[in-house]
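Have a look at this one.
Chain nomenclature is as follows: A, B, C and D, assigned in order of appearance, with residue numbering initiated at 1 for each chain independently.
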Amino acid sequence: MGMNDWVGNSLMGLRGESRGETGATHELTEEKQETFHFTIGPYTDPVMTARPGDRIVVETRDAFSGKIKTEQDKPSEKIRMPFANPQNGPIMIEGAEPGDALAVHIESMRPRGPQPRGTCAMIPEFGALTGTYYTATLNDPLPEVVRKVHVTEETVEWSDRVTLPYKPHIGTLSCSPEIDSISSLTPDNHGGNMDLPDMGPGTVTYLPVRVPGARLFIGDAHACQGDGEVCGVAVEHASLTTIRVDVIKGWTIEWPRLESDEMIMAIGSARPLEDATRIAYRELIRWMVADHGFDQWDAYMMLSQCGRVRLGNFVDPKYTVGAAVSKKYLAQ
Amino acid sequence: MGMNDWVGNSLMGLRGESRGETGATHELTEEKQETFHFTIGPYTDPVMTARPGDRIVVETRDAFSGKIKTEQDKPSEKIRMPFANPQNGPIMIEGAEPGDALAVHIESMRPRGPQPRGTCAMIPEFGALTGTYYTATLNDPLPEVVRKVHVTEETVEWSDRVTLPYKPHIGTLSCSPEIDSISSLTPDNHGGNMDLPDMGPGTVTYLPVRVPGARLFIGDAHACQGDGEVCGVAVEHASLTTIRVDVIKGWTIEWPRLESDEMIMAIGSARPLEDATRIAYRELIRWMVADHGFDQWDAYMMLSQCGRVRLGNFVDPKYTVGAAVSKKYLAQ
Amino acid sequence: MGMNDWVGNSLMGLRGESRGETGATHELTEEKQETFHFTIGPYTDPVMTARPGDRIVVETRDAFSGKIKTEQDKPSEKIRMPFANPQNGPIMIEGAEPGDALAVHIESMRPRGPQPRGTCAMIPEFGALTGTYYTATLNDPLPEVVRKVHVTEETVEWSDRVTLPYKPHIGTLSCSPEIDSISSLTPDNHGGNMDLPDMGPGTVTYLPVRVPGARLFIGDAHACQGDGEVCGVAVEHASLTTIRVDVIKGWTIEWPRLESDEMIMAIGSARPLEDATRIAYRELIRWMVADHGFDQWDAYMMLSQCGRVRLGNFVDPKYTVGAAVSKKYLAQ
Amino acid sequence: MGMNDWVGNSLMGLRGESRGETGATHELTEEKQETFHFTIGPYTDPVMTARPGDRIVVETRDAFSGKIKTEQDKPSEKIRMPFANPQNGPIMIEGAEPGDALAVHIESMRPRGPQPRGTCAMIPEFGALTGTYYTATLNDPLPEVVRKVHVTEETVEWSDRVTLPYKPHIGTLSCSPEIDSISSLTPDNHGGNMDLPDMGPGTVTYLPVRVPGARLFIGDAHACQGDGEVCGVAVEHASLTTIRVDVIKGWTIEWPRLESDEMIMAIGSARPLEDATRIAYRELIRWMVADHGFDQWDAYMMLSQCGRVRLGNFVDPKYTVGAAVSKKYLAQ
């Protein structure tokens, strides 16, 4: 059985406007995208329009816009902030209105571009184990180090010593806020730069729609990532990512949510990290109450016994946490 | 001696493009403003242009856009988020370029509009001593309470028991970010909703310029405010605020700064609150080193003995702290 | 193969003073313990002495000292703070000296006492989704709710709807600080109330020794627990817990560490939660550098790709995080 | 009028057991103290007993126990942790029982010992603008720098350039916790290392009594200190500190409080810093409601207009904040 076969029984499959019908396939190549975006908001021109059920094959760029080609290319010299983490989009989704949720099923991801395709780096005053722009210290910054990595559809050849499995996922996924335009480096209630390793092929992400047409942005593919993205950078790579979109009418969610074959997860992004975790757990409880018939206090106490937490990143301007519960405990 | 007399010797007075010459006076009435803004960014049409040294008399609206007229008007019913905290502007400043600083001297503030002009409120899930949107809890929210307050140029008649002095200041002051557009409720390195009681008549605020023309936004006048703005709301009121603007060419600052006759202050906004404080102190040290000839470690250790911290708000999406040092310790 | 078979190849197995020899078996019954402790420090009388390699069978009490017998027994009435979370011990370990590490292999755990043995509760101003003693709000507290749960060696019968697997672990495990005595509700660098679900049968925990004889405390068995222990309480139960202790001479660690057949984990406890996570990751890097031959920057960047984070609790006075790496990436 | 004349009308003056009568004067010399303490708890032998109304003249040592005599003496070499911040005491107070408050009126402080008496330092991984033990980073530590300072009863001769006024205060003041013993470097609800510049001559501090006799500890005199004690160290000096103690029977407070001629202040210590601020403001509201006849919501909203926040330290294991309101707004 394929990793996407369960999706027909997902909330997307059961309540999406497409009724499970796959529509047209669109290609969002680098050429078609032309101008990538570094801020996520309502002020940019749409790059295409899709209908519920449509499939979109997206050529994402890596977080450095491909400018780090060798281990001698320093991010601090090649990238002028805030022009990091380029996004494809915005893609308009027909029929999506404020108060709906946009469902994004990631069907597949694969690496593209010349080897070594993967890039990791230590960037001055960025990352979790260093003074940063917001956790301001007087210490000398850590050294700037670039690691170029060979990435295939199976493996990430980290070093002579260690080979990691290829576990791709999308780092940044968003609909547009209503009037704000938010840096593609920042996650918040619109989605954004969540860097959550669960957000990979075979899963469905639900995003709150806040403007007509939703205005979907997508980018920041990772070949793999540890919990917390501790040095600040995953194995960043250009990808060919295939998604299928759908609209859940009238399902109003305040924060992004994610569904897999095994679990449902609510996602919060905030500082400090406990606030991100609080948001994620409160939203998960609300979901269990609204859609799975749980009493609020029963859900709260039960998650104290079986809730699962996944740390996205704790390096961005806001940190991201997913709180999840196994579907086997949701069945009635 | 007037409270503004010292300004000729301020950094604005000494290094501003106007050479201390006051230029034209502009009036930014409600009618001229027409559309107030709830997001601070580069995507809105300028409302006027001023030159360095010009004076601008601004009719600011209160944070509720004047919709809370009685104690029966509930913010949760009258205000649809994110449409709180209306801003005048953007005002284009001739000659301001990225890398410069914009100086804003608040010359005077006075209340306007029919009595009771002042509004305070407890708003559900907003404020410091309650669960909030970001510090998510399952508790019932606090009651929604509105207090209308008589405000004159001398006093804030808080209650039968307590009369407070009128201590006006500007809650929200910003230049535009380069590509982001940020909610007028959020402070960050562009300025924004800092809610710092020091930012009143007789002081000069310096803001980083990140787009040509600076795009100055101003709003959110407070008749008075305690440190931290603990319930989430000051005595909000419509004001007539007179500012004089200037441009400090080539003075590149990363965060807002403030100068009074007595002290210099650097301002940081972040979560958690210690990060806001770290930013403020690091920026203050950088200022002392760059412009006042201090050794870095001497400044750091000396501020440990005489630095002064003012808490702006700890209720907004980011918290604001000012770190200051008396000018008497800067003299050589 | 049994879940403990790997321990011979653990750091405990290879470097422990017992040379893998199992010594005497001691029984630490409730009667022998007599007085349970609610603070962890150097000021209490030892309850027994063991040698490296010895096995100790401990009768732990539940976190409420067995006083919550029915769902009508309210913790706020039955427990006077700070007398929650009773600890067995201190057990003196022969030969343990400051600068050594104590290894505690949990061989097995099983529930004891009359059914329903398990207790969960919502306690006023305690837990993650409520105002608390330290995150002080003016909201009314959540209702006080007690859940008594049938617990066997296989299952936790949570509700009519949900049965959870029995996944026992030790919530609180410590050696004594040098001069402080720390509430058994608080985790810190000595160990303490970490509430880490990984700390169950088949794993080895390493604790820093700070006083001669180590002074081992143990308690707070959980029948199961979700990440974060979100409502503040796990399924607390009295247990029969069998441990085997050993001493790693001259292995000086600053924070607790854990080893399983699959991974090594460093444990940090602090507020805010990002600080706990920072500690855990820094300690993990130090471990990889010191004992597994990694370069510091290589380890840092690699954990950004494959580190795993487990949230212990984010409800105690300090929060606990474990950062882990799979042993398969440690092999050379 | 002297700075202590108001004390007769303080809560101590009006409700203290001594009825305003000054009793015996005790001298707690270094010789009498003999063994200074680095942990604050119930496990140490009392050094003397005093009655309500008695005066005690205390010879405090500086935070480095006098071991930093020159700028070549490095704290990292001279001080073995946790043996920093020596405390005098415990002083038993007759009649103090759990549920009472201990009042400590600081009548005077003056420096003692050979010049240069004052010591400031930058200590590796300690302070606000550096990675630390709890905010763990991989950066190289800041340089270790010691500054010896000439201190008189009028001035602190900081540098050739800057002379600061002598503004002495007590950094660490505590009664004993019930069963825990807490590092003298850590503040919490018992008091401890609050480093609050307000706690100087002419003020009264109220501490919760948790064990019979209160067990008062005192130490850590500062010649001056900035808000936040940003480099981690004030101008530490040995002092002759004269206090007068009293007992407020049945006045049960949860956190320390402070009263001056001008204001009342509640003190919170926690991480993150917003939690310390929340505690301080909640306790201040509770005080205004219980003893000054305010309605809870009126107090909350009014403090949003006139509350004053003083940052103690944000460098210790917990951070300290005082929230205050002017007495002129308390009068009815």
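The definition used in the following text is that a contact is a pair of C-beta atoms (placed from the backbone, for glycine too) under 8 Å apart; a residue touches a chain by one contact, two chains touch by 3 or more.
All of these numbers come straight from a predicted model, not from anything done at the bench.
Novice: Could you name all chains that are in contact with subunit A and with subunit D at the same time?
Specialist: Both subunit A and subunit D are touched by B, C, going by the contact rule given at the top.
Novice: Counting C-beta pairs in contact, which chain pair has more, C-D or A-C?
Specialist: A-C
Novice: Per the centroid of Cα atoms for each chain, what is the distance between subunit B and subunit C, given in Å?
Specialist: Centre-to-centre distance between subunit B and subunit C: 48 Å.
Novice: Centroid of subunit A to centroid of subunit C, CA atoms only: how many Å?
Specialist: The computed centroid separation for subunit A versus subunit C comes out at 33 Å.
Novice: Centroid of subunit C to centroid of subunit D, CA atoms only: how many Å?
Specialist: 34
Novice: Touching two or more other chains, which residues of subunit A qualify?
Specialist: Each of 129, 135-138, 142, 271-272, 278, 281-282, 285, 300 in subunit A touches at least two other chains.
Novice: Which residues of subunit A touch subunit D in their complex?
Specialist: Per the touch definition, subunit A meets subunit D at residues 129-131, 135-142, 272.
Novice: If you look only at subunit B, which of its residues touch subunit A in the complex?
Specialist: So the residues of subunit B touching subunit A come out as 38-39, 41, 43, 82, 134-138, 178-183, 268, 270-272, 275, 278-279, 281-283, 285, 296, 300.
Novice: Once bound in the complex, which stretches of subunit D touch subunit B?
Specialist: 120-122, 127-129, 142-143, 145, 147, 156, 158-159, 161-162, 164, 224-235, 271-274, 277-278, 281-282, 285, 297-298, 300-309, 311, 314, 319, 323, 329, 332
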